[in-house]
Amino acid sequence: MNPLVLWFHKLGSPPYFYRLAGRLLPWLWGLAAIGIAAGLYGGLVLAPPDYQQSDAFRIIYIHVPSAWMSLFIYFFMAVNGFIALVWRIKLSEILAMAAAPVGAAFTFICLATGSLWGKPMWGTWWTWDARLTSELVLLFLYLGVIGLYHAIEDRRQAARAAAFLALIGIVNLPIVHFSVKWWNTLHQGSTVKLFGPSLIDSRMLWPLLIMAVATKFAFAASLLSRARVDLLELESGKDWARQIALAEETSA
Amino acid sequence: MNSPAPLEAPALLQARGLAYLRNDEPIFGPLDFALYPGEVVLIEGDNGSGKTTLLKVLSGLLAPSAGSVLLNGEPLTLARLSHQVALLGHLLGIKAELSPLQNLRFAIGLGGLRPGITPHHALKSVGLDGYEDVPLRQLSAGQKKRVALARLLLVPAALWLLDEPYANLDREGMALVNRLLEVHALRGGAALITSHGAYAYTSGTPRRLQLHAPAEKAA
Amino acid sequence: MSHGTALGACRALIVRDLALLWRRRGDALNPALFAVMVIMLFPFALGPEPQMLGRIAAGTVLVALLLAGLLSLDALFRSDLEDGSLEQLVLSPHPLPLLLACKIAVHWLTTALPLLLAAPLLGELLFLPPQVLGTLMAALALSTPLLSLIGAVCVALTVGMRRSGMLLALLVLPLYVPVLIFAAGACDAAQQGLPVAAPLLWLGAALVLALVLAPLACAAALRISLS
Amino acid sequence: MSEFFAMGGYGAYVWGSLAVFFVVLGIDAAAPLVKRRRVLRELRGRLKRAQKRNEESA
Amino acid sequence: MSHGTALGACRALIVRDLALLWRRRGDALNPALFAVMVIMLFPFALGPEPQMLGRIAAGTVLVALLLAGLLSLDALFRSDLEDGSLEQLVLSPHPLPLLLACKIAVHWLTTALPLLLAAPLLGELLFLPPQVLGTLMAALALSTPLLSLIGAVCVALTVGMRRSGMLLALLVLPLYVPVLIFAAGACDAAQQGLPVAAPLLWLGAALVLALVLAPLACAAALRISLS
Amino acid sequence: MNSPAPLEAPALLQARGLAYLRNDEPIFGPLDFALYPGEVVLIEGDNGSGKTTLLKVLSGLLAPSAGSVLLNGEPLTLARLSHQVALLGHLLGIKAELSPLQNLRFAIGLGGLRPGITPHHALKSVGLDGYEDVPLRQLSAGQKKRVALARLLLVPAALWLLDEPYANLDREGMALVNRLLEVHALRGGAALITSHGAYAYTSGTPRRLQLHAPAEKAA
């Protein structure tokens, strides 16, 4: 067999995944911590104040990476949900369901920091414009997925039902992203572009990009540590899980 | 399990290495058996040994965790359910607000009609003539069960899966179930029934399929 | 041995659901009455000035109908699940999406249609400006079936649970919001004398899409939650 | 230094955002650890029950 | 042979209901979420202008909380009826009104209290004028237990029926209207800078009366609908 | 009906001209009988003969249409239910979300505790040790029934009214019910049970109370 396929197959085996995730975790947390420290130092100390917003613009280094993560994680969850529904791969079910709370956390951060930013800039904590609203709907979608998952007794059936809901909710993602283009709103349009020049000073830009990468690592770390525990719970009848429980007891 | 049935006929139902796990714990172990036309098999097992679960898997409502179910040689999947199966579960699948006649008419619309029988006939043969138009809500536990039995008579399913068909019935009702099973077998149908002993299918020599409680398996 | 035709199965299902409804015909009027009462609460809560109420009339009628529809949604599969009819439906030899489409259609006819007919009265209660009524009715005619279809998918997902009412609301409302935005947009345009075609066309397009996809999604969701 | 903390008069908003970020991510990181302890405790309980049952039947 | 004390029975009941709630702790937040979503629908339906929304904020929060409370009401006895626990409760040797009062108290604590705590946030979403918030909270603190008590009596009357959700709403809402009028009156007075004591005192008096009478009425209604 | 029990002791339960009409149609005719401490009486009757209805009337949940029920010589009314009665109906009165232990603790809080027994003991005697903390939702039909039986053991009621206590139980479970009834009778309690024949209370000579189906009565 192709070695890549072989590795993928091995990854699907719970004990292997558990051990691999355990070894990766410290690295991921470390990278996330270093990245966040560097990004925030760059953003809060090194970057010059904005000519319009003065220092309030520094909220961008938290708000924007969190907003991006809220969309990215939903996409990740939906893709894993699709795999879980079609091929019934246990690991995908677990990853999709472990991603949901992390996504909800980032969505909440985006909403809260956006709100904190809106008060000085727009003079109000909240308005009902399309982007803010669709982001709030995104939070409700995350909560719906989590709620559905916990409302069903059988873990695997619950994961499939929640994954199905996540797939339906994916129509909201383009609405969040393109809302500033489709409707004229209070909220800022795109300033960072993947293609073509960005409309932002490079001294302001690089900390933002570092934060974007660092939050990805934070997500990966949180995801893996959740997935590990969920796997342990789901497989608690199996031998490998028992051995881990006994080993932890002797070490504790 | 040794099968006394003629091996030349194709099996109506065949289970190969069939197992079901719930939350990754085995409910019933790998089972291999075949059911031929004209046979009635009694599933025995203590409380919690997985009888109800087995019937749901065989009807296609639950997907097996391992192994496969073949119906007339074709595999049964969740997406492609077989339509030769009539299931009578703990829940009878009848509407308490409607009359027996309305319930049976609906069952026919959904599942088709076996030639040579009408809803009135079916109700008569389960001893409910006179109750055709009474809302089911006003019937007792055993009378409701009889309506569900009448449905079996009407629908052209070759395989019957009956979960505790004798429960809640009086003695005459139990004899009725046995009569229905006999006729169904003679007609070339087959049935899988669960029961806690006593009033099992008695005419002929019913084959038995024994399930074991999970606790025993673990020990 | 004949299994009957798919059309026959649909007819049997529709006849049965209507018979059930007839047996409890008091309940059929309930969603409309509920909407009337929600509407009625607003003058009490906000005070009786006609200008004020007229300003919020269209939006409030939309919200009230949406909530009433939401509440009646729970009954779509519940009783079928509780007495085992749903298992029989899934086991039937006919295509499940088709059967579910019939069920949804009956549900719409019997819960949303009375609401639709009651809408002019509800508008009157809140002093709805007359030039908005036509647009409001068009928006409702397009959005209520859409809501029924979207709702049915979510109901199918939660059908195995007890006390799912609240969870259902949580799942359904985010999906209802876009529908509400377009419907309210049309009414708002009418109130300001602007053209209303664009948001109504969007609603129509979404309805066509939902008519095709929702029964399929509903069947898939039902299979998941029954297993 | 105090100028840095004042953030041009927007200190409350900037540091508030930062606090939200770290508190929420902190909870997010702690949750699986707490759950892990619970899962292991339950698993050990189950093992003990099974052991007891085996001893009784033996 | 000891039958235990009435206090012991109350404690057992409260412990059980809290344990049930803990088993489905996700559900406990649902009424609050539902209220948030109803509130959220209004800016969509009415447009986002803060003055407009601020004008209707207090009334809308009241209506949303009332509806959320109404929806959670149905769960008060339903599951106890469905599994036969209610029969056991009625057959117990202790005074039924006392046991029911405990059930209602737990219900209020777990559904209305989170709503009460969420009310300032909900007000903020609709740009509620700050001088009204205190009065709104006081009105809510007095009216939500009152609504729970009144609602419980109606629920007890409809408990034997299937799909009683809508019927319940019809029975309950007319009784809720007076409560709503007083609560809204207090908020309106606050918005206009007038004294708010009188309507709040009326609410308080009604609450005291309901605390005494509602459990008795509830027990009588339950006995009727079980037979 | 002739009563073999000693007449000097006061009757635990006494029915005088007891009848129940639903919509003015008789469900069960006027009944006169007495139940003395130490007795177990089996109510027999075909499907729909009114057994379930009779038990509900005797427990006080339904008010009789005619006649009266005396408990220890005092009349039983809807407003003043007796507290010496434990009813086990078709609905078991247990919570699917809670564990057996939590359910039993609640039952004790509500109905009191018989001295000399604990919930753990009771669960053990119905064969459910090891299931103390599993949510009932995850138990099979028969296992749930056993939890309901454990409740009977704990609550200090002198009169047991059991509707089809044998249904859904395996053979060992049926023997368990018989054992429980025997102990209860020896302790001076009494019980009224319905069953469709086979696994009825066998030790001693159980008295029987025959109900007739309304159709027969009408004929």
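For reference, chains read A, B, C, D, E and F in written order, and residue numbers begin at 1 within each chain.
Throughout what follows, a contact is a pair of C-beta atoms (placed from the backbone, for glycine too) under 8 Å apart; a residue touches a chain by one contact, two chains touch by 3 or more.
As the structure is a prediction and not an experimental result, all values here were calculated from the model.
Engineer: Can you list every chain that touches chain C and also touches chain E?
Structural biologist: Per touch definition, common to chain C and chain E: A.
Engineer: Among the chains in this structure, which pair is joined by the largest number of C-beta pairs in contact?
Structural biologist: Ranked by C-beta contact count, first place goes to C-E.
Engineer: When the C-alpha atoms of chain A and chain C are each averaged to a single point, how far apart are the two points in Å?
Structural biologist: Chain centres of chain A and chain C, defined by C-alpha means, are spaced 34 Å apart.
Engineer: Just give me the whole-number Å value for how far the CA centre of chain A lies from that of chain B.
Structural biologist: Going by mean C-alpha positions, chain A sits 48 Å from chain B.
Engineer: Once you find the CA centre of chain E and the CA centre of chain F, what distance in Å lies between them?
Structural biologist: 37
Engineer: Which chain D residues touch at least two other chains?
Structural biologist: Touching at least two other chains: 53.
Engineer: Among the residues of chain F, which are close enough to touch at least two other chains?
Structural biologist: Counting only residues that touch two or more other chains, chain F contributes 90, 96, 130, 135.
Engineer: Please output the residue numbers of chain A that touch at least 2 other chains, ranges allowed.
Structural biologist: Residues 133, 140, 143, 147, 151.
Engineer: Flag every residue of chain E that touches chain C in the complex, lowest number first.
Structural biologist: 24, 26-27, 30-31, 33-34, 37-38, 40-42, 44-47, 52, 55-56, 58-60, 62-63, 66-67, 71-72, 74-75, 78-79, 82, 162-163, 165-167, 169-170, 173-174, 176-177, 180-181, 184, 188
Engineer: Would you tell me which residues of chain F are touching chain E in their complex?
Structural biologist: Within the complex, chain F contacts chain E at residues 59-63, 78-79, 81, 83, 85, 87, 89-98, 102, 105-115, 135, 156.
Engineer: Which of the residues in chain A come into contact with chain C in the complex?
Structural biologist: 133, 137, 140-141, 143-144, 147-148, 151-152, 157, 160-161, 164-165, 168-169, 172, 175
Engineer: Touching chain B in the complex: which residues of chain C?
Structural biologist: Within the complex, chain C contacts chain B at residues 1-4, 8-9, 11-13, 15-16, 19-20, 23-24, 79, 82-85, 87-94, 223, 226-227.
Engineer: Within their complex, state which residues of chain A touch chain E.
Structural biologist: For this pair, the touching residues of chain A are 124-129, 133, 136, 140, 143, 146-147, 150-151.
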